[in-house]
Structure formats: C-alpha cells, structure tokens
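Chains here go by letter, A, B, C, D and E, matching the order in which they are written, and residues are numbered from 1 within each.
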Amino acid sequence: MTESAAPNVATREPILTARNLVKTFGRVVGLDGVSLDLYPGEVLAIIGDNGAGKSTLIKCLTGAEVPDSGELTVSGQPVHFKRPQDARVHGIETVYQNLAVSPALDVASNLFLGREERRAGILGSVFRMLDTKGMRLKAKQELTRLGISTLQDVTVPVENLSGGQRQAVAVARAAAFGSKVVVLDEPTAALGVRESNQVLQLVRDLRDRGLPVILISHNMPHVFDVADRIHIQRLGKCAATITPQSHNMTDAVAIMTGAATA
Amino acid sequence: MTQQQTAGPPSAGHADLAEEFLDRQTPLSRIRNILHRYPAVSPALVLLIAVVVFGLLNDRFLRVENLSLITQQVSVVGTLAIAQTLIILTAGIDLSVGAVMILSSMVVAQLAVNNGLPAPVALLAGLIVGLAAGALNGFLVTRFRLPPFIVTLGTLNIFIALTLLYSNGATVRGSAMPDLLTWTGTTFPVGPVRISTGVVVMLLLYVAIAFILGKTAWGRHVYAVGDDKEAARLAGIAVNKVLMSVYLAAGAVLAIGAWIQIGRTNAASPNAGMDLNLDSITAVVIGGTSLFGGRGSVWGTLLGALIVGVFRNGLSLAGLDVLYQTLAVGVLIILAVSIDQWIRKVKS
Amino acid sequence: GGSSTTPGASEGTSDEKVGVSLIVKTTTNPFFVSMQDGAKKAAEAENVDLKLAAGKADGDEDTQIQAIENAISKGDKGILITPNGPSVVDALKKARDAGLFVIALDTPPDPADAVDITFATDNFAAGELIGKWTAAQLDGKKATIALVDLFDDKIVSVDYNRDQGFLTGLGIDTADKKKNGDEAKTGKYTGGKGGEYEIVGNQASQGAEDGGRTAMETLLSSNPDINVVYTINEPAAAGAFEALKSAGKDKDVLVVSVDGGCTGVNNVKSGVIGATAQQYPVKMAELGVKAIVELAKTGNKPANSEGLDFFNTGVELVTDKPADGLKSITTTEATDICWGK
Amino acid sequence: MTESAAPNVATREPILTARNLVKTFGRVVGLDGVSLDLYPGEVLAIIGDNGAGKSTLIKCLTGAEVPDSGELTVSGQPVHFKRPQDARVHGIETVYQNLAVSPALDVASNLFLGREERRAGILGSVFRMLDTKGMRLKAKQELTRLGISTLQDVTVPVENLSGGQRQAVAVARAAAFGSKVVVLDEPTAALGVRESNQVLQLVRDLRDRGLPVILISHNMPHVFDVADRIHIQRLGKCAATITPQSHNMTDAVAIMTGAATA
Amino acid sequence: MTQQQTAGPPSAGHADLAEEFLDRQTPLSRIRNILHRYPAVSPALVLLIAVVVFGLLNDRFLRVENLSLITQQVSVVGTLAIAQTLIILTAGIDLSVGAVMILSSMVVAQLAVNNGLPAPVALLAGLIVGLAAGALNGFLVTRFRLPPFIVTLGTLNIFIALTLLYSNGATVRGSAMPDLLTWTGTTFPVGPVRISTGVVVMLLLYVAIAFILGKTAWGRHVYAVGDDKEAARLAGIAVNKVLMSVYLAAGAVLAIGAWIQIGRTNAASPNAGMDLNLDSITAVVIGGTSLFGGRGSVWGTLLGALIVGVFRNGLSLAGLDVLYQTLAVGVLIILAVSIDQWIRKVKS
C-alpha cells in the first residue's frame, strides 16, 4: 500500500508496525486509530500541528503509554509494551520530547542510565562496581561525535546545562545504544545550527547503517532533507503518508493544517 | 500534487475509532471526570462508606450525640490541619503546629488567670504569639532558605521549652478561666443535637480558608509557589512574600486552634497534644493534598480529619480492645487511601 | 455493646452485662498489662463487659480523653482509669454527669473527688519506705542523689508523692510536698545515722526504659559521683541501671524503685536494684471492677482508708538487705506475690 | 557605535542598555562582559551556539539572574533587577526557555499568574474575589489570536498539554502583558509551522506597535525574516552585532561558530 | 562580508572580564568548589565546630570515654537513619522504621528466651521480620501507588500493635538472653578507648551502603528514581523493582538495628524508641539529603546523627538545665543547617 510513497521499501518486511492505535486522556483524544509501518533503513518523519498526537503516537510505539486499543508488531511478532524497558529490550531507543533526563545526575550517568558498565575483574563481577571512569570517557567521545563541543565536563549535573546541551545528552543516549529502531521526538528543537546539522547527519548515519529512524520535527527543511517518507498527523489521525519526492513543503503544510488532502 | 494513499483508515470525521474510549460516553466515566475535577469528592465517599459500615456495626454510632462527639474530637486536630494544609501546599511541612498551639494556649490562660488580664486581651496576646511563631518559621524559611522540616523541628523544640519554662509545667483549669476562654467548649442546641461552638469556629475557618485559597489571587499564588517555586519566581510572583504570609496565616489559625483546645479540654495544659503534628499531617495527606506541594484542597483535609476521627470512634464503639484498635486504624488508613486512589484511578 | 438506653441508669436486669471501660496509662508497662489481665478475670466473674483502652504512652492525656468520651457514647456503666494527667479530669466530670461511675486505679486524680473512689498504693508511704531503707544503707556516708522522676511537663500525684516520700524517708526537708525539686540542693539528711547530702538533679523518664536511661546519662554527666538513685518505677530503674553499667558505676550505687513486678523483684535479687516498694495492680483491678458492679447495683462504694482520700491497696518493701526497724519482705517472699510473671 | 549595524535606530535613545555584564556559575563562565542596546520599535535577535550564553544574557536583563557585574539602564535610568518582578514593574515581559509555567495550574491561571483580575464591585474590592470567568474568556481570546486552535479548553492543567501547547501559553502570556519590552527565549522551538508563523507575526505586530522585542532563536530563516539587528553570542561574549542587510545567513553562522569574525 | 563593529569590548581571549569572578581564582572559592563536589564536607565542618566548642565549654567532653559514649548513644538512631536515607532518596519517607526495629527485636528476644531457639536462628527470624515489613511497605507503595507517608503511617500502627500483642507489653532482659544477642553491647579496647561492637556494626553498614549507593548501578538507579520517577521510567529503569528493593534493603538494615538496640539497652523492650522515627529523619535532613529525593548521601546522614548526639551530650555536660537543653537543641539544629547552607552558598 505504500508503494508509491516509498518505492524503495516495498519489497521488504517492516520492522515495526502499528495498527489502529487509539489513545484517549479523559475527554481528550490523543490518537484516533493511527497505523504506521517502519521499514529497515528508512527515515520516517512524523509532522503535524501542535497537539496533533505525534508524541502520543511515539509514546504508544515505545511503551511510554499503553494504547487503549490497537496492535503493534516488531519484526512481524505481535508485542505489548507495558513500559519503556519492554521496548528497549526489543532494541527500540527513544528520545522523548520532555527529554527524560535525571536532573541531579551528571551527564555521563544519564547517558548510561539503565545500562551501566561494570569494572573488569572481580570488582565488577562480585562487587558489581561501576566503571565510572570508563563511562565518562565514552560519554565524552559520544558527545564529541555529535559535535557538542561546548560541553566538556561530563561530571556536571544535567540540571546545570543549557537547554540545547540537555537535548544533546538525550540524543547522544539514544544514538549510542539504538540497536533496531531509533525514535527521536523533536531532537533539534533546542539545538543550535551546528548541533542540529550534526544530529541530522547522525540520522543519516544511522539509516546508512541500516537502522530505521522515526523523526518528529516541526522544521520542514530538516524533514525534507533527511526523510524517506513523511507521516502527517492531524487531529489525532494520520492525514496522509507522503514522500519528499511526491510532495513539496507547501503541500505538506497544507495537509497538516487541513487546507488540502493528500 | 498527486493523490496519495493514507496509511490510516479513510478519515470519516473526528474521533470515530476513539469514540468508545472517550470518557464522556459512559456514566461511570462521567463520574470519574467529576472526581478529577473535584478531588474532595472521593475522600467524601470514603467517609460515607466508613460511616455506613460503623453504623451497621453499632447502632449507637449513628446517634446524633455520637456524631456530634466525633466532630468535637476532631475540632482541634482539624483546625491545626488547616494550618498544616497551607504550609504543605507550599511544599513545606510544619512540625511545630502542636507546639505553637500549646504555647499560645498557655499564654492566653496564664495571662487571664495569673495576670488577671481581660479575656479579649489575653486572646489577642495568644494571637500575637501565633503570629510571632509563624513569623519566626517564615523568616527562617525565606531568609535563610532552610528546609521547613528543619526550621520547624528546631522551633518545635524552642516552643516546647518556652511553654514549659513559662508555665512551669502547671495546667490551668478551665474553671479558673473567664468564660470567653472556654466559650469554644460550650454547646448550643440545633434541633435534637447539641453543637459545640469550637466545631462551628473550626468550620468557619475552613470556609474562610477555602474561599481565600480558591477564589483570591493570594490563594492562586500559594498553589503556584508550591507547584514550582522557580516557575513562580520567573512569572514575577514575590515568592518570599507569599511564603511569609502563609506562615503568618498558619500562625493565626493555630492561635484560634489554641482557643478551641482550651474549650475542648476545659484546661490549658503544657503537654497537650504533642502528637498533633503527625495527626495533622495525616489528615492533610488522607485528604489528598500532595506532600510535594501545589496540589490539594482544604476540604480534603477536613474530610481526612473526619475519616480518622470516625475510625477511632467507630472502632471503639464497635467494642474493639485498644491494641486491635491500633491495628485496625493502621489497616483502615491504608484502605481509605487505596479506595481513594481506586476511585480516582489516577494514572501516574 | 448492650442495648440499654440511658447510660449509667441502674435499671439493668441481672442477666444484662454491665459495660465497663478500663483506661490504663500505656500498654507498654507490664504493670498495666497485669492490671488489664486482673480486670479481665474479675470481669468474667462479675458478668462485666470489659473493654480495654490506653494512652499511647505514659502521660498521653488526649487519647485517654477520647477513650472516656467514647465510653460515654458506647453506653458504658462505668470507667476504670489510671489518669495520665490533670487534663482528663474534665472529661471524667462529663462522664459522671452522664451517669457513669468513675473509679481511679493506681493514681489518685487531683482533686481526689473527681472520681467516685480511687484504689491505689499509698505512694508517699512507698517512697518513704525506700527512702528510709536508703538512709539505713548509707550508714552516715555522704549521699549524692539522682532523682529519676516521671515528668517535667506535668504534675501527677504518683510523681511527687513517691519523690517527696523518698526524700522524707531519707530525712530531707522537702519544702512543698506536692512539688518536686524545690528542696535545698545540699544539706544534711537525718535518716539512719544522718549525713551530708547533695541532690544532683531531677530528670524526667516518662516511666519507661529509654527515658530512664537518658535521664540517668544526663545526671551522670553532670556528676559522676552519684551513689543514690531514686527511680519512679521499675522500667525507669532498668533503663537507669543500663546507663550506670555502661558508665561502669553499677557496683557502687544504691538504686531504689517502686513497683515490685516479677522482673523488678528479680532485679532486686540480682542486685540491680537495692530495694523496691511492691504494689498490687491486680488487686486494684479486682477491687475496681467489683466496686463498679456494686455501685451500679446498689449505689454503694467502699470507704476511703483512714486519713487518706483513696482506698489503700497496700505496699511492701522488698529487699534482701533488711534494715533495722524497717519491715520488709525478702525477694523469695515477694516472688510468690509478684505480678507480671 | 551601532551606526552601521542599525542605521534606523541611530538617532533614538535606547530603551534598554546593558554594559559589560559578567555572570559565572562556579567554574563555568556564562557571560563574559556582554553589552547590548535595545531601541524602540526594533526586533533584536540573539543567536549563538548552545551554551553560548544567550539565556544567561536575557536572564540578567530580566531579573531572573543577578549579574556578577555590569550595568543596566531602562529608558536611560540605571536599574538593578533583583528578581523578575522588578523587571516586570519596568514593563519587561519575558518568555523563558524553560517556560516557567506552573504545571498544576490551568491554562487561564497561568496566563494571568501574578496579575490576576478581580471581580467588579465589593466582591472584588472587599472580598478580593477573582474574576475567574472573565480571565478564562480573555485567555481563550488571546490564544485564538495566536492561532492556537487545538487548545480550546483553558481549564486544563498545563502539565497535560503537548510541548507546543505549553509554549504557546507562555508566549501568549508575554504578548498579552508586555508594555515596554518583550523578551522571547526560543519561543518557537516546540511550535508547529503554523503556530510558529503566528508567533513571528506577533513579533512583527509588537514591533509595529512600537514595542521592542528581543528574540532568541536557532532558526536562521526566522531570525533573518523578522530581526532588525542580530546580536551574535559566542563563548559567553558578543562576537558581533550585524543586520540582515549587512550579512547573510552563512556569514552569521560562520561568526557564530567562530569560522569568521564580523 | 563587511567588517562590523562588535557591541561588546574588543574580544581579547576567553574569560578576561569574567576572570575575577571565576571561582577557581581564589582559595576561598576553591574550598567552596570542593564543598559542592563533596557535600558531606560541610556537615563535617559543622560537627567539628560543635566538638571544639563543647570541648572548650567542658574539659570532660573531649575525653575518649565521653566521645565513645556519644557514638554509642547514636548507634541505634544512626542505623535507623541508614534505612531512612535509602527511603528518602527515593522521595519517600518511612514513619515505621522505629516500629519495625522494635518488632524485630522483640521477635529475636522472645524466640531466643521464651521459645529457646538458638541465637543465630532467632537473629535470622529477626531479619525475616525486617524483610517482611519492608516487603509490605514496598508492596503497598509500588503496587497500589500509595504515598509512602500513608503506607508507613498505616504499617506503623500495625507493627506497634503486633509488637504489643506478641510481647504482651513485657520487656525481655538482656541477662536472660544468649550472649550473641547482646554481643552488640559489648566493648573492646582500642588503645585507650573502649569501642562498642554495636558502633562498629553500624559503621560497617555505613561503609557498605555508601559503597552500594555510590559505586553500583543499583545505587545510581535509586538516585534516578528519587530524582525524577517519570524520567527514570522513560529511561527504561524498572522503577517498581528499584523501589521494592530499597524497601527490602531498609528492612534488612532495620533488623540489624534491632540487634544493635538489644545490645545498647541490654534488653528488648516493646516501648523502646518510639520517637526514633523523627530522630532518624532529622539525622537525614541535617545530613543534607533532600526530602524531595534524589540528592544526598549516607555519609551526610552519619554526620547528621553525630551532630545531634554531640549537641545533646555536650549541652548536658555543659550543665544546662533540661528545659534549656531542649531550647538549645532547637536553636542548634537550625544553626547547624544554616551554617551548612552558608558554607555551601547554595543558590536557589
């Protein structure tokens, strides 16, 4: 069905599929029957107005919210994510819009939160001692790789970072550990020009390594720059799925705002 | 632009698939929505359940005299819990509420009885004591940025010591006091019941504070400061002024509590109600106010105080021995809040 | 609960149980546990429906007040109470106004006529006994005295009666007999051979182990030469002894107390306590339950002991080092009649 | 001195000036001697890498932080802002990057926080009763004016809003009350295309009403679209002040990243 | 591109104007940086000041026996405060620590003395009691999402009642117990001092818990959960498992506390240390751990416990009357934390 939209993925099996996801909050409709397919090695952008349900959609895909109804599969197998670590176990790494960092923990601890590395030898195996030094070193490397040059001290608590620095930490975390799917909810919202470009480059790198990426962004040039396909959310539904080839930015915005249909 | 297939089903108007999940659709969820909007409704239901159950266990429980007794038994802790609610709403905690009340009550009683001051003057002095205590707490919290827990732990000791030094450990009997001081202990008939003046004073305080918290700018600022102090500061709220005024208001409420306490026990005793601190916090928390500040209401607190009072009285009327009463109170407190949570179905 | 309508009215038929509440000071003192047990037995025999209540700790008046009010609400005929302090008196008056009979056990309230009658130890006499014994043991040596009292934040009759009785027994002028701590801090005691004395201080123990220990530690730190320790009761004595022991002073100090529970008697036997004045809580409870039933049925009550405003349930000095001219029983004798086995 | 950078303002008195502001956080330098002038009716953009000190700069201008040293004047008068309300009193309204909203309060309460309106008559004057209804109505109007159409219920607690909705609330607050200067720290970071355009329009409207605006943004097209002058922060200092006429985007980015000097 | 004037002064290398404000430049601010990094240093300084002052007031204070006595006096509350720190780090609070300890100690003592079980078996039973209590608290907190304050208030009553029902209010004397149970009360000579075994056990616990909190993944997760529960959940941490394990660990620590308590008082008494709850929280807060979770250290807690112990002992050695002691403790608690704040110069 997505033949014309993404010809390059037509023959492959999707890694992640969602069918008819519904999510309500009291009287508010977050998602109203949304379906989505993610193919290996593609960048799928999700765009839409504020409150269109983009974050809710990816929360349902990654275990942060449990949908009221709908089905999910990963590599063809049905899954039920009850919590984020369920999705993580399936190799899905996510940067949430609210960043989900621990303010009082330092940068390195945040990067490795939930998958800390232990010291070699019995210090690690018996005493389960953390390899703090090693993790700090790797954290530094990862940040450098992302071009976050203003942040040299990885022992600073995250709460003391600038808005963009904080976001860089969250992105670095997902990029460092994503094994099957990487999901980024507005990863460049607070980033500077250079840092944004670095993140876009990272997205391309991930795709080139065969890892599919879901990218939420309000920045149309960015989206049209890296996306293979674009899922447009509108009022809790998927209004259309297009490609940068089939539509231009003005078309996309028109669909997003309801001025046109795909 | 070319026509595209949509990934989702053809869009046929808003909220079709979601329809069945929309809360407004079922009566049950309509109730839940009400509970979300008026969080005090759910402790009220818990209270109702408790009253019905105890009424079934012992037919004396529902007699008007007994119900009136329960309100009297909670009148002091209920008043202290108002002050506690104010402080907790600002993300603080006040361990000194009991001590301030006692200090104030001793000052009132001694000034009237030993120093022969006219009753209104003595009461005014008690109010000043309450305000001074609140001012001290507030000053330390705002000026030195000390955690309220530590400040009030410190002043708790200070107020206890002052009370004992001032009173010499002696209780002042109500019979020696001018009538005005024990006026809060008098009762008046309303139909078949006798209502205690102290209870009425407490209820009026609830009405006043509920109004101020809910309907005035000051009240809104109290919530904002407790919710996120830094955000409130950036929004241009004079955080320290708000905090200071909260501690002063709490002090005034505690002075009124002292008056109610004198009437209730018909005495001013330097060692009364030292565990009123924990009891007042308990009432606040059972009433649904968050210890992290910014969320809750004073009506919830009243219900929380009544719930505990009903448990204590109901269990003892049901004929349980003291140790089993303790056990049951423990179980019931947990149960009450569980039911409350269940009714609200709060999602993390 | 029964279905009687007017509380306290004595129209109850003989097959109807009399509702009585026993309100003790605290359930963490074996003395009051024994009192409860005694009352339960007596209640069974007398066809009384007995309900137990208690303060959360020694001195907790608020909980007792609520228990009194609940007893009225419950429709009880009578209340047995060991008052935790002066504030309960008003609630007791309410109970009596509502037609309940109120009897105090162990601790006479102030004023004594706030209750129908009190069954209690003559606490002043109890204090005097251990005071006289101490004077005899000192044998003219200088007495450096620590007083481990009950409270410093309220005035309760057992507290001043035992303390002032003890000092009187030692032969020290106590000034106001109803006030602890107003006596001269140094001077001469006249009991036994007589000699110099110095009072190191009064410390409150809340009648409990941990309070007793802290009190003793405080006293020791202000004067390590203490050689006489008076304690309000045996839980406090046990705590004080631990403090003495960890300071290495347990050998050369005379510890005296009041209670005579089996644990306490054992402590006298092993030398932890020098002498104790034994009281009889089970007797208090039995007499109390009977008296309530009697009052409910006939309106009659026993008379106060001569010269006292309460009914004296008796006291014995327990020691294995008897003093001349001072009647005492041995620990072996005391063990036969002790409570809280 | 800003003659060539902003010829249109050369003859007027600046409304707000800052001279040699310094701000350090422990071992971290936030601002290292930054000066700035803001003239009536101009839009002054501040751009710079993440951590360049943009937010710190505007915090010092608006009383949220007290600089270690440096001078501020408003309309030529020296001022010392110790807290945000000091700046507010001088008519300076700010949207901070972390938004500074009270999560548990509803949208309307947040909009009017700190300047609630009271009921008419003695209910208001004596009982000091809030005009809750009136404020809700006005809140709705203000949001509609900003084109925040997905947010119809102003009685929802702010914590339940989507990232963009939350930002819209913060912007609406500043726009509704700014009387002398409006300061916006990345106001469109989380906003959708349409909402962003609305905010940019709002900025233009404010300027046209003679109100100067300070705008921090990482979005170069936005900046070059609305700014009259552009202050470029780099490593805690002002690297240059340029105009969209004197430099193009590539130049600006080069200065920002240190690849060129102005 | 044309050359432009810069609005600021000509740029002459990084951090020139800011130079003088940079903390690393002055020795004083170097100290402050150390304090930022090792927050336990500042309560340590407060402790040091207190020790010096009391040493000057009374020459007996600094005698080794007295210092050793102080450590013994804080050994029980110091141990309970470890458990309390764990819970508070997760943004909880445990009102039942004292009650759990007492219940455990009564079970140990009665099983050994009345039921004649071998001492190690009795101690094991005590440990199981501690773990079971922790499991109950943890279960209610994680499963029903009840506030820890309410849960532990409820279980506090339950554990007190169970203790009294089980023990019948009777104290078990140390003389009747097997030596192993009172082993924690024995002392051994180290040079001129006698050190109590219980104190050593407590210190070992501190070392162990400090290691686990600071150096293991579990410890980091505890901080993360307390810091921001939702963020930790989104980061893939099994929040409920972490919470449950914290309550279990606390229970185990409390069981060890029970053992220390038996040795310290040479008895197991059902009414020991009911106010240890507040004392343990006090130690934690004075030690600099935030009641809002996620910030603090167990070493701070040890210092907090010692500070209070030193105050109490020092004031009574200084010969202050008990009421003035209460007063002074109040003032000193506030002072201690003020000094701590001042040393750290925490900015909001």
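One rule holds in what follows: contacts are C-beta pairs under 8 Å (C-beta built on N, C-alpha and C of every residue); 3 or more make two chains touch, one makes a residue touch a chain.
Computed from a predicted structure; not experimentally measured.
Path length between subunit C and subunit D in the chain contact graph, taken as the least number of steps between touching chains: 2. Centroid analysis (C-alpha atoms only) places A farthest from subunit B. Taking the CA centroid of subunit E as reference, the farthest chain centroid is that of D. Chain pairs C-E and B-C differ in how many C-beta pairs are in contact, and the one with more is B-C. The distance from the centre of subunit B to the centre of subunit E, with each centre set as the mean of the Cα atoms, comes to 29 Å. We define each chain's centre as the mean of its Cα atoms; on that basis subunit A and subunit B are separated by 45 Å.
The multi-chain contact residues of subunit C, meaning those touching 2 or more other chains, are 27, 152. Those residues of subunit A in touch with two or more other chains are numbered 98, 235. Shared interface positions of subunit E, defined as residues touching 2 or more other chains, are 164, 230, 233, 323. Of all residues in subunit B, only 58-60, 63, 65-66, 69, 72-73, 164, 169-171, 173-174, 265-267, 269-273, 275-276, 312-313, 316-317, 319, 321-323, 325 touch subunit C in the complex they form. Residue ranges of subunit C in contact with subunit B, taken from their complex: 1, 3, 27, 51-54, 56, 59-62, 65-67, 69-70, 72-75, 85-87, 89-91, 151-155.
Within the complex formed with subunit E, the residues of subunit C that make contact are 26-30, 32-33, 57, 152, 203-204, 208-210, 213, 217-218, 221-222, 235, 238-239, 242, 245-247, 263, 266, 270, 340.
The touching residues of subunit D, when paired with subunit B in their complex, are 64, 83-85, 88, 94, 96, 98-105, 109-110, 113-116, 118, 127-130, 132, 173.
The touching residues of subunit E, counted against subunit A in their complex, run 211, 215-218, 220-221, 223-224, 227-228, 230-238, 294-295.
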